[in-house]
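Naming follows writing order (A, B, C, D, E and F), and every chain is counted from residue 1.
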Amino acid sequence: MKARLFTLFIIVGLLAGGGTAVAQDQSTEEVLALYSQAFDMIWLILAAALVFFMQAGFAMVETGLTRAKNASNIIMKNLMDFSAGAVAYWAVGWALMYGAPSLGGFIGSNGFFLSYTQETMSAYGVSDMSAIFRDWMFQVVFAATAATIVSGAMAERTKFVGYLIYSVFISGLIYPISGHWVWGGGWLAELGFHDFAGSTVVHSVGAWAALVGSAVLGARRGKYVRVNGQVTVKAIPGHNMPLAALGVFILWFGWYGFNAGSTLSGTDLSIAHVATTTTLAASTGAIGAMITSWMWFGKPDPSVSLNGALAGLVGITAGTWVVSPLGAVIIGFLAGIIVVLSVEFLDKVLHIDDPVGAVSVHGTAGAWGTIAVGLFADGVNDPGIVGLFYGGGAAQLGVQVIGVLAVFAYVVVAALILFGILKALGLLRVSEKEELQGLDIGEHGVESYSGFQIFTSM
Amino acid sequence: MKLIIAYIQPHKLSDVKEELYKAEVYKMSVTNSMGAGQQKGYTEHYRGVDIEVNLLKKVRIEIAVNDSFVQPTIDAIVKGARSGEIGDGKIFVVPLEETIRIRSGETGNEAIG
Amino acid sequence: MKARLFTLFIIVGLLAGGGTAVAQDQSTEEVLALYSQAFDMIWLILAAALVFFMQAGFAMVETGLTRAKNASNIIMKNLMDFSAGAVAYWAVGWALMYGAPSLGGFIGSNGFFLSYTQETMSAYGVSDMSAIFRDWMFQVVFAATAATIVSGAMAERTKFVGYLIYSVFISGLIYPISGHWVWGGGWLAELGFHDFAGSTVVHSVGAWAALVGSAVLGARRGKYVRVNGQVTVKAIPGHNMPLAALGVFILWFGWYGFNAGSTLSGTDLSIAHVATTTTLAASTGAIGAMITSWMWFGKPDPSVSLNGALAGLVGITAGTWVVSPLGAVIIGFLAGIIVVLSVEFLDKVLHIDDPVGAVSVHGTAGAWGTIAVGLFADGVNDPGIVGLFYGGGAAQLGVQVIGVLAVFAYVVVAALILFGILKALGLLRVSEKEELQGLDIGEHGVESYSGFQIFTSM
Amino acid sequence: MKARLFTLFIIVGLLAGGGTAVAQDQSTEEVLALYSQAFDMIWLILAAALVFFMQAGFAMVETGLTRAKNASNIIMKNLMDFSAGAVAYWAVGWALMYGAPSLGGFIGSNGFFLSYTQETMSAYGVSDMSAIFRDWMFQVVFAATAATIVSGAMAERTKFVGYLIYSVFISGLIYPISGHWVWGGGWLAELGFHDFAGSTVVHSVGAWAALVGSAVLGARRGKYVRVNGQVTVKAIPGHNMPLAALGVFILWFGWYGFNAGSTLSGTDLSIAHVATTTTLAASTGAIGAMITSWMWFGKPDPSVSLNGALAGLVGITAGTWVVSPLGAVIIGFLAGIIVVLSVEFLDKVLHIDDPVGAVSVHGTAGAWGTIAVGLFADGVNDPGIVGLFYGGGAAQLGVQVIGVLAVFAYVVVAALILFGILKALGLLRVSEKEELQGLDIGEHGVESYSGFQIFTSM
Amino acid sequence: MKLIIAYIQPHKLSDVKEELYKAEVYKMSVTNSMGAGQQKGYTEHYRGVDIEVNLLKKVRIEIAVNDSFVQPTIDAIVKGARSGEIGDGKIFVVPLEETIRIRSGETGNEAIG
Amino acid sequence: MKLIIAYIQPHKLSDVKEELYKAEVYKMSVTNSMGAGQQKGYTEHYRGVDIEVNLLKKVRIEIAVNDSFVQPTIDAIVKGARSGEIGDGKIFVVPLEETIRIRSGETGNEAIG
């Protein structure tokens, strides 16, 4: 109730006394300071909500591009990697990523379970918990994004319990550490590495873990058939294209929170610049992938075009704030082409089975986008960041490459250890019989589309 | 009594039903099925991988009739289903020894209609 | 057109004359007052939009957890309870809930059809209609939330026309009255009952009506089979788990508007606190339900885990502003356990048929969350509200219990009358034949999944 | 990293020195000016994101109301009309619509590829690119809305390549020109034509193009069967009602950005008025259509009721800012009735095959809503706009009718040329064999619901 | 050996299975089907256009049995499926010349069970 | 002429088709079905309630062949479908009195292929 009438009073006060209600206890400067915080508060919480909603997008894309017999399982994984991950990030992850002081630029050390003192708060750079909660809220959804990328690449064959354990570790440990290097004021930040909203920090981290995961896990039964030494690649079509498309639209929608929200300030007028470059790159990404699939496969491929839009989004995420609209158009378009090449390379050459193209979308396109900062940054929003094509020389480019490689190396090693242990413990892959029957029945004892006649010869 | 089984193109179902009605055959059972025959399939692509589809969508009709109705029923199906193109389908006639109407327990010829 | 260029002028003015354009006609205080209102306006309207979107979430959850043959019917009910409810709340509901003066703390008396005079406006505490519209907009979506909860519990057997009548009454009469007691400055508010965003005011009201409704209505054909006196409980699986999961993600997303929006002020910096506790409770709710189902049924149950996330959200709704993150973690986790127990109790013991678990999620977990305020409130954001575990003694706890019981008693009686009359008039339940064939064909003459082969032996 | 800590500094500064951090380099007026821009920035970018999300709504509605064998095709069209349209609007469309100076009030002339100079910026009325990007971002999603309307009406038989070409032209050329007349300060604006958020400017433009498109294209095979001269109208049921309903909820949700965002100012307190009238009209639209279908067809029709809600939204879009809640209730209700009449008229009389009712929802209801401004405008928010029923005489009404007719004539001609050429080039319609087999296989070589047994006798 | 084909109302399936178990018939194959018969259909509406639905949802059961089991099987089906209302369905008996158990290669009577 | 009806495990379909091609049997009709047999089912749970699933997913293949093809066809199916485990399925052979090719009206043996 108190809450319910709270604002009314203020407003009345303001109107009645022409703001004197404020004036009485607050100086104009204090009100302006409060408003500045209010802008950031509203902006970041709404952006965080949008980024949270991307979880629904991932769930739909991954469900749509896999088979009906595994739909409930993939959905449980998406629900649980956020739930378990959020708790892990609250308990540990946040502290390792943003807990000042940084231990040698490699890891944070403070704020476990979001417990703070005045000192630790000001060490982080704020003066009350509201700012801490605000920033945690905005960061936890990014951690969850990195975590959930993996479920798609490892879909249709990964044990549920193994996946749960994995989620806790990536959100609580793996992601926060490399995150600290870039966004926590760590060594990559010191180097001048620029990744505005996380092409590398978020997407590539998830993707490289996914790459290692699906490699360690092995392909789905029937995906790569070995007939006398010769491997033939089979298609395992997803069961629900409309859901997959819905997922992509949801992700694109949420991305406005992901990228524009990363201004971290509601009074930063470059928000529109970020939204514009994000929109253009996603569009050209879809176009690039559509054209590539058309020319290559003979017909414009829906699931690949959907991947293209996502690749455009991932690709622009690093440079969205520092490249021009034209730069975004080019980065996105190339990301759309690259993602198709990457999907084909993984599938036909490396025979690494990534049912939804997560590694290519978030990893390959993410790396491209991060490096593209070193090529297309125009120095307008940040004179300190100028790319090769805008006369900035190769310096920034070099740093971007270093960042990409460092994170790649780190995540690959960490993921190898994590998935290696899970595999050794027999917690990674379901039995062949269960895979055949479907993980919905095997892992959860349910059917996802009860009553529907589904013809499963695979 | 015979059991007539016909495989036809799905989009011919309504025409076949119409012809059957004209031939005063009102009772039938229909199931969706997939068929491989002379009609060659087509190729689908999924994420760059080809899928040879040679089981094509067909509709399976099952009709139990008295002997006197066999020919008219076959003619009606052919009339409704024929387009002259490969894939039109087949009709199979199987001997039917007994028919029981569950509701009434009637058997034989009067159970069929 | 005028609208289109409006802002441009302001901005130009501001930039040109360094704000003199403003200064000319407005004092700094007036501008600050305007901005304060602008914060609340943007915040509440966006929050209202998020809460509106929860309607889609409810529709998807209820559709997914029921059978394909009733999908269009459940969707029509969800569309229409909002549509009819919004009109009813505009005409009557709002006035009964917030129309000052309060008649003895039991019911409001003013603002029917949103018609106001300067006096009635200031009686409500604002000085112009913009504030009225703003608050109405934020409140109508809450009313619709309470209303739509019922459709799930009464799904697959309730007559469409009967449901329409019900929706008008709950949004126009039943919900506003108890709502007035708590949020309209009524007697429970006077007692100090705290329900920040509506665990009881919104969710329990809908749930208790749902409880009575499904009891009066009776179970779905084939749900409880009586063989020689012995009742065996049958499962009637929902037909679309991915849609149900999508619905839960949408609800969770919308809940950021539901809870954080309930600060009612865009300049209230506790917004982040609310978002944080909401996120953590939802997560632990899902975890709690998953673990419970795992231990109890042998496998982690998807639909129950989805219920768990919602139970966590409902559970934290009352205390989100007054409990710590740790408190939220505990409240949510217990809500997740409680919801499973409640689902099983209703199904296996009471044999009350609630296809989607609405009563347990919104009622049982809502009651728990409301009472939990009396246990976990830490007095940080509101020193006046301190729970038992934080040295506040049992006072608040007592008040919370009173509130829960009062609302329960009131709603049960009101719902009994409403559904009793509908039943007496034969408007409540469809014929057995229609139930067998499905309400889509019976009530609307359509199929929801035309062409799909659906095997219905139930 | 820089970005990451940016706000923190400000806040600290503000708190530490009671705003002196600001005071140092900025006068209070400058801060107030910045905040004014920040309000507009946050508001318009978030509104734009909501409007973008409507793309998902259109995709789901169109998919749900058509057949399973064409689901991937309709989704590709929805993805691509935005992607191609956004690029076209960036390159050309925006300049033709808002590029000052206006060439005789008929077309804009500036800002191609969003390239601006200080002069062209101030000609447009702003002083830096942030405002340009903000407005472009908000406008591009409106252009995409107009474009995507057509895909539904021309669904299940239009060639993909032909549709791509069409999308580029409507977003880059057709829509911007008429848009300029009203929102770009063109001749209709001069006349005093009022279309607040685009009943005519956006929705009718798409709908009239859709009308011409589906007429030129011809009906779907089997829709109108000619037996000895007599035409019998057949039903071709949509395959997924839950998705269609989800789409409508998403559209309704996005409409809060569409209408309320069209205040174009975050400090405009009439935002709530807009949201309120929007909510009421959508509700009564659904009710109106439901009742009409009930009385006419004997049962309340789901897909028609969904159309009704959209008709209510389209209908209120023009007048949302200038009519009272009561006016909105009436406008929406009549829109709901009109849309059913229109659907039946097109189908049963004109035999124009519009699978999803796009022409009736966006065109007929759009025209009604635009004209309704001349009837129901109450002069409260804008004393200059008063309708017939509020003593404003027929003046405004006349102007509204002129606007509706002018746009209709223009779009019909433009669409006839465009689709005529496409038809002549054989790029418009797929072969009968392909239509029978489905466009998913024919155009994209995929199945949308792999594994599901779908019985297709049509 | 005979092949017994029965069309029943979908919601009678569990009753029929129960009766078959009582009659010690444990093996069967079930397919969903659509049927036209005396039972008149119903009308659907879609956006104001009527759709005559005369193919109603049915369940098709196929059971191969030894001659001695024919009558018991028929009786069991009738017992489980009969409601006395039009639409209860039909049972057809077709001669079965050979049965092979894929797993073991057994043939004839012992392959059936 | 005979009508061969086989129930196999769904995932064996491609192997069976391959074997049939080798045996030069190119025409067939396939339907998805559910079967109860020796193979015991499994238990599903839904919101805490058990569901005994004893109708398992099977694929039903129907092939009309000339007498000379009966044995080769059976052998091919067995070869492709056998895993040696319970659930492999059954093959039923029914007499086929007539076959008509809808497209051409041909009947008997030449209509089959």
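FYI, a residue touches a chain if its C-beta (ideal position, glycine included) is under 8 Å from a C-beta of that chain, and two chains touch if they have at least 3 such contacts.
Since the structure is predicted, the reported quantities are computational estimates derived from the model, not experimental observations.
Colleague: Between D-E and A-C, which chain pair is linked by more C-beta pairs in contact?
Modeller: A-C
Colleague: If you average the Cα atoms of chain C and of chain E to get two centres, how far apart are those centres in Å?
Modeller: Computed from C-alpha means, the inter-chain centre distance equals 47 Å.
Colleague: How far is the middle of chain A from the middle of chain B, if each middle is the mean of its Cα atoms, in Å?
Modeller: Whole-Å distance between the two chain centres: 53.
Colleague: Scan chain C for residues touching two or more other chains and write them down.
Modeller: Those would be 28, 35, 37, 42, 46, 131, 237-238, 240, 246, 297-299, 301, 303, 445-447, 449, 452-456.
Colleague: At least two other chains touched by the same residue of chain F: list those residues.
Modeller: In chain F, residues 31-32, 34, 44-46, 94-95 touch at least two other chains, as defined above.
Colleague: Pairs of chains that touch, anyone?
Modeller: All touching pairs, sorted by chain label, are A-B, A-C, A-D, A-F, B-D, B-E, B-F, C-D, C-E, C-F, D-E, E-F.
Colleague: If you look only at chain B, which of its residues touch chain F in the complex?
Modeller: Answer in residue numbers: 2, 5-8, 31-38, 55, 58, 60, 74, 77-78, 81-95.
Colleague: Which residues of chain E touch chain F in the complex?
Modeller: 3, 17, 26-31, 62, 64, 94-103, 105, 111
Colleague: In the complex formed with chain A, which residues of chain B make contact?
Modeller: Of all residues in chain B, those touching chain A are 34, 44-51.
Colleague: Where on chain F does chain A make contact in their complex?
Modeller: 10-11, 13-14, 32, 42-46, 57, 59
Colleague: Considering only the defined contacts, which chain A positions touch chain B in the complex?
Modeller: Residues 233-238, 293, 296-299, 301, 303-304, 340, 343-344, 347-348, 357, 455.
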